[in-house]
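Read through the structures below before going on.
Shared between the two complexes below is chain A, which has chain B as its partner in the first and chain C in the second.
Coming up: the complex of A and B.
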């Protein structure tokens, strides 16, 4: 067993980095809070009244950035959530009295309604078969619906003229300035800690490669739904504060122009930088208010031109450009240590077959890729799936790991029928799948990728970065033998093709699966790496009782490691037998070494 | 024989990991040079730099005796250079036929050229209207190769084309590349992990290790494979 200390990288550990960073956040927060406290003494009344709004917008921009910049969810609906929060106060106070219970009800009810709306939007927009565009369209529609509802509310909602002069809090403008300032600092600091945590890296992983996340057993739709709901609650709170201070609310608050404006501010400030969008939102809103008086129409034009210039010259936004000026000589992203896990006991029951496939077929229109495939494989078996290119091997693996894939037939993993279950649910039966071409997270480091693969065993922290990556022995051997252990801090996109293959295999092994589906796991690796991976697989099967189904073209390799071989040809199993039976058979030689589409089965 | 590709004291790289240092290579018309090496030694970086996807930090690259440093990739594609990259190189949402059409100059008609490549890979003609994304992994590899061949290139840059292909197809590819070389005088730079395939096609070989050429020689000379194997196993 490798010594974990020997694997430690000679760089600062994330815990240290985390501490310095946390101190930095604390310092910045204190400065920001001091400014919020001192602001009223330094600024004129007009500036103060504008900045209150700007601060609230800044906090919303942070939520937009977490959704869009980090997770890839482009939402135009924050305006609607903001409007819901504002109207919750306005409507309750105009309908009833300004009393503590009513205001408290509005304070809780507004965010709840916003959360419900976000939940509905998420249910529609994060379904299994929709593209990321859906959520953008649906949030846009949400804003339109919100404005229409306010318009059609007659006297109740004040229609197009909105509500004004309702009773509100008896708080001075300076007081509101401080409330809004604290709100902005709190949301930004919490957001900053959140996105830098292990869970925050999962958000980036979802943006980068949602499919791989789902095959790591992560219910990405749920993560995205909760994130949207969280952002809706924060935004509705900002809306509540806005209504309380402004005493005038209008349908414009919830329209999609505002929603779009927020997105533009985030883009200008720098997606995925969090501070950039917050600063951009505050500054632009503040300057706009000042200049819209003196330069009413030109100002919008200037904003538009700045936007175009920034997108063309600094596609990452202004935030990163400014940050780069200060970043010279800073340390690179830090890696974690590897820590070996004790060997788990072979937990396979053995009573039920690990893989059970009954008359599975898959058609693409009139094309029959799989026809009536039936076989079982048990714990402790390493079954190789061979056949010409286009025989349906990858399709078969797809049908075993995603309930939506097959046209007919039944599949059970460790005795659990997969029905029409999604990949993340199939993975929970103990399945691990390695794809044919490397399927990894380009923007994450090697260590972060491995940690996300382990997220079902070890929960990702919302506030911290773990300084260890704990790996089971098999994953550890792959990581060490392929040199990945010395590249833990390397961003995955800079890895070679073969190293990405090895990383994906290590990620799958890190999940401690009972049933492994491997699609050409050694493609792109050298002979020595290949034989090492062969050894690891054989050991997993013999010593730990795993069941492995392996696609491989190298018959030599197959012969060395398999306990059984299935030959697939034109979508059907033409042979299923021991290594000797298959490799000596005339039929297999004709099919496999012959022409792929000229031979009749 | 004229020089198809000359790489001189080339230094290039990106990000933190892969860097090329002082690489000098030459491929003549009608010659196949195979570049071998372990993962992460800079093989793909070499091809991407030649194609102009990565900037040249130092050194010189000439294609058909003209410097290409600083030129964008599509300029090279217009000069009879075909590049078949290792990853995701086909348009999944286009049909087989449309993918092949993209390999051709705009004025060329597809039909006769399709016939030529379909003689090598028969499934291309049978499934010309199928979406390329629904082909199997190995079939997509063949489509990439066909798209490179269809334009009758004078210089081919091929990145690990045998990965995921069944043995008989690999044998056929070796024949195709040899024929392309001798019949049309095509120069081929072949990046490979599969040493026996590479040596069966190549005239010369070079081994890259940590971004430098550490061994090169005649692919047919006895002992070439053992010399290479030594470098690959270190």
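Coming up: the complex of A and C.
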């Protein structure tokens, strides 16, 4: 049945699109390189000298776009990395001589220092519990520190007047033009391949929903740290080239204003488009240089005004707006094929309880949300957690999947104490968590989301996009039965609420968890979808020996599928027994009805 | 020692006056107004115009406040309102705005540094030493400003609705509070306070188109560590401003200039709530 829907809107495979795009990149790169080679013959000296700088800025804009446009890290610190690269050369040459070993040391040392600074910034900015704004704060501080250090360096750094007329490379202006051109083309082409790869989609996933990524077992802080370090190295190399060509460097290179200028160029060119920011940086810097003589302040004023208008009215930037004018028709959606995985061994270890909870409490100040909760659940059990609103059900799930959440007590998953571990580490013990409201990646397609969920089992490529998403049987069943299999190329934000619920469940199942924590997995689903999910869950427990902890309000559904029920009331377990025991209990009726008289009546 | 203490207290006062407007905008609108430095610069130039017109130097304050209020009102309508749902974009758009303001000021007044006439001159003897009277006045201004703002927040209807919006905007709206109006008023007042602060600090410093940037960065960091509470802001200004004065005095002014930013950044890493109660 799904196939007919798929036929109506033929879906291309990622490798097909990849081939077309690669050919395109190759053609563009060759043209760009030819222009870089021919440029000096066509342009006047002034234009050439300006464009060398503009090309370097274009390459930095690409790194800013990968950080901000794709991954959502707004960094004002690229300027500092640029300055570090530039001063590495300037300082080495003025302090020592212009010899091959010294220059090589600067070429390696500058990017290394920038990488170390980026690592420090990332350690501060991507720590647990910090707000997303914090990385912007800390990169901004980095720029200010850089400038102050240069100012206070006296004769060593040249203070506010900077360093000039140091010995530098004996390369002609035309030569530098080609070097900078090749650098820009290489960074852009490599960046393009990177962001279109499977790993590149992970960057978007982190931007869209970092929490979900972490619950897919991905160490997002490490990904972001490596990304920032990579961008720092590229930017410092650009700074090195700038100093080598320009022979004049000043503290301004690393200041906060230059950092924001880069962000402005990226926003104007179109964040998340890579080419747009590169083009915008080159064009705006080039035009600025031409106009700086005749109308310097007016030009800055215009840039500022256009920037405001673009941010307010065209958040996607000018690049995509222009591109849309020329785009005809709809592009065909792209999605990978589904492929079944052979059934994994059903054998759960069985020796250790799947979930072990010992006197877990959670307080918010004097408010006790959970008090002394103790229970264990083994492989092959489907335990339902019931209780009125505010009983602490979701809080309990949170305490099981994030070591930072509980105030006291011990939790072990498959015999592994979770201590104070982050969600991504807990997930590695075999945990899977489905949230109460659909927690998915709005900007990704269904197929891409499933692949991100599988990324721990199958590494994401940095250059390629795979044609297959391999799913274990349970995930496959959910995907096929809910019709998601015919919507593999659909962007998740266009899915219905129920389809998003199903997708999140499929993503969790795709991780092949041993312990499943499900917070109202069927809310918003139709009756038939709901019974299908019930079947899948029962089968996972019976045939594959999973342990499932389920929060549900629908007692009928709970009765049908559970092997055991735990009743939570005001933060404590008031009952833990078989389905019959709980459903026949007077106490449970009392709790649900609110007051004893209601039961009597 | 007495002088050092006075320096700490008056520096904290100046920081408080500069950061207060940014804090209330952040509290109510949940956005960082990066045009805060631009409004501050406008206040500085309002004082300069007052001096050039040979008006009474005290006139600089109402002129600056009015300029900030009116400009802030326009900016809220045109730029900030569409960006409530996109706080990071609001930072960028307001930064663009401050670029526009700085360029317009540069076109009108040139790039040079100017000086403004101080409304009061001289120093008064304290503990066997003398101390700048104007800096002491700034202490009084900070206390009065803080008292007025807390009074408005705690004692008036506008303050009550503003606090409701700070705590839970959706609920406030469903209770019939016109949160759009609250935001409009808050942004306008925040901008007015920034311009007022600009006029207040200029007798101590010089006026140039880029004067707002360092103040913006320090105020931004102070607000980051204070959350939405004026009391926390006062504490942050005293502690971090105090550190700045102490480090500038005993170590180097360069390190002193960095101290607020660096200490705030480290504090936020250790304790994300900063000076606010977690």
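Operating definition for what follows: the second predicted complex is superposed on the first by the 576 of 601 C-alpha atoms of A that agree within 3 Å, B and C clash if a C-alpha of one lies under 4 Å from a C-alpha of the other, contacts with A are read in each partner's own complex, and residues count from 1 in each chain.
Criterion: contacts are C-beta pairs under 8 Å (C-beta built on N, C-alpha and C of every residue); 3 or more make two chains touch, one makes a residue touch a chain.
Just so you know, these numbers come straight off a predicted model, no measurement behind them.
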Taking chain A as the common reference for superposition, should the pair chain B and chain C be classed as clashing or as fitting?
clash
Touching A:481, do we find chain B (first), chain C (second), both, or neither?
neither
If we overlay the two complexes on their shared chain A, which of chain B and chain C does A:283 touch? Say first, second, both or neither.
neither
Name the contact category of A:305: first (chain B only), second (chain C only), both, or neither.
second
Between chain B and chain C, whom does A:136 touch in the aligned arrangement: first, second, both, or neither?
second
Kindly classify A:267 by the partners it touches after superposition: chain B alone (first), chain C alone (second), both, or neither?
second
Is A:112 contacted by the first partner chain B, the second partner chain C, both or neither?
neither
Partner chain in contact with A:74 - chain B first, chain C second, else both or neither:
second
With touch defined as at the start, can you tell me which chain A residues reach chain C in the complex?
74, 124, 127, 129-134, 136-138, 140-141, 144-145, 148, 151-152, 256-257, 260, 263-264, 267, 297-298, 300-301, 303-305, 307-308, 311-313, 315
For a test of understanding, state which residues of chain C touch chain A in their complex under the given definition.
32, 78-79, 82-83, 86-89, 91-93, 95-97, 99-100, 103-104, 106-107, 213, 217, 220-221, 224, 252, 254, 257-258, 261-262, 265-266, 268-269, 272
Over in the complex, which chain A residues touch chain B? Could you list them?
332, 364, 367, 388-395, 436-438, 482-483, 487, 490-491, 493-499, 502, 519-520, 523-529, 553, 555, 592-598
The answer for chain B against chain A in the complex is residues 14-18, 38-41, 43-44, 86-88, 122-123, 126, 130, 134-139, 141-142, 160, 163-169, 193, 232-233
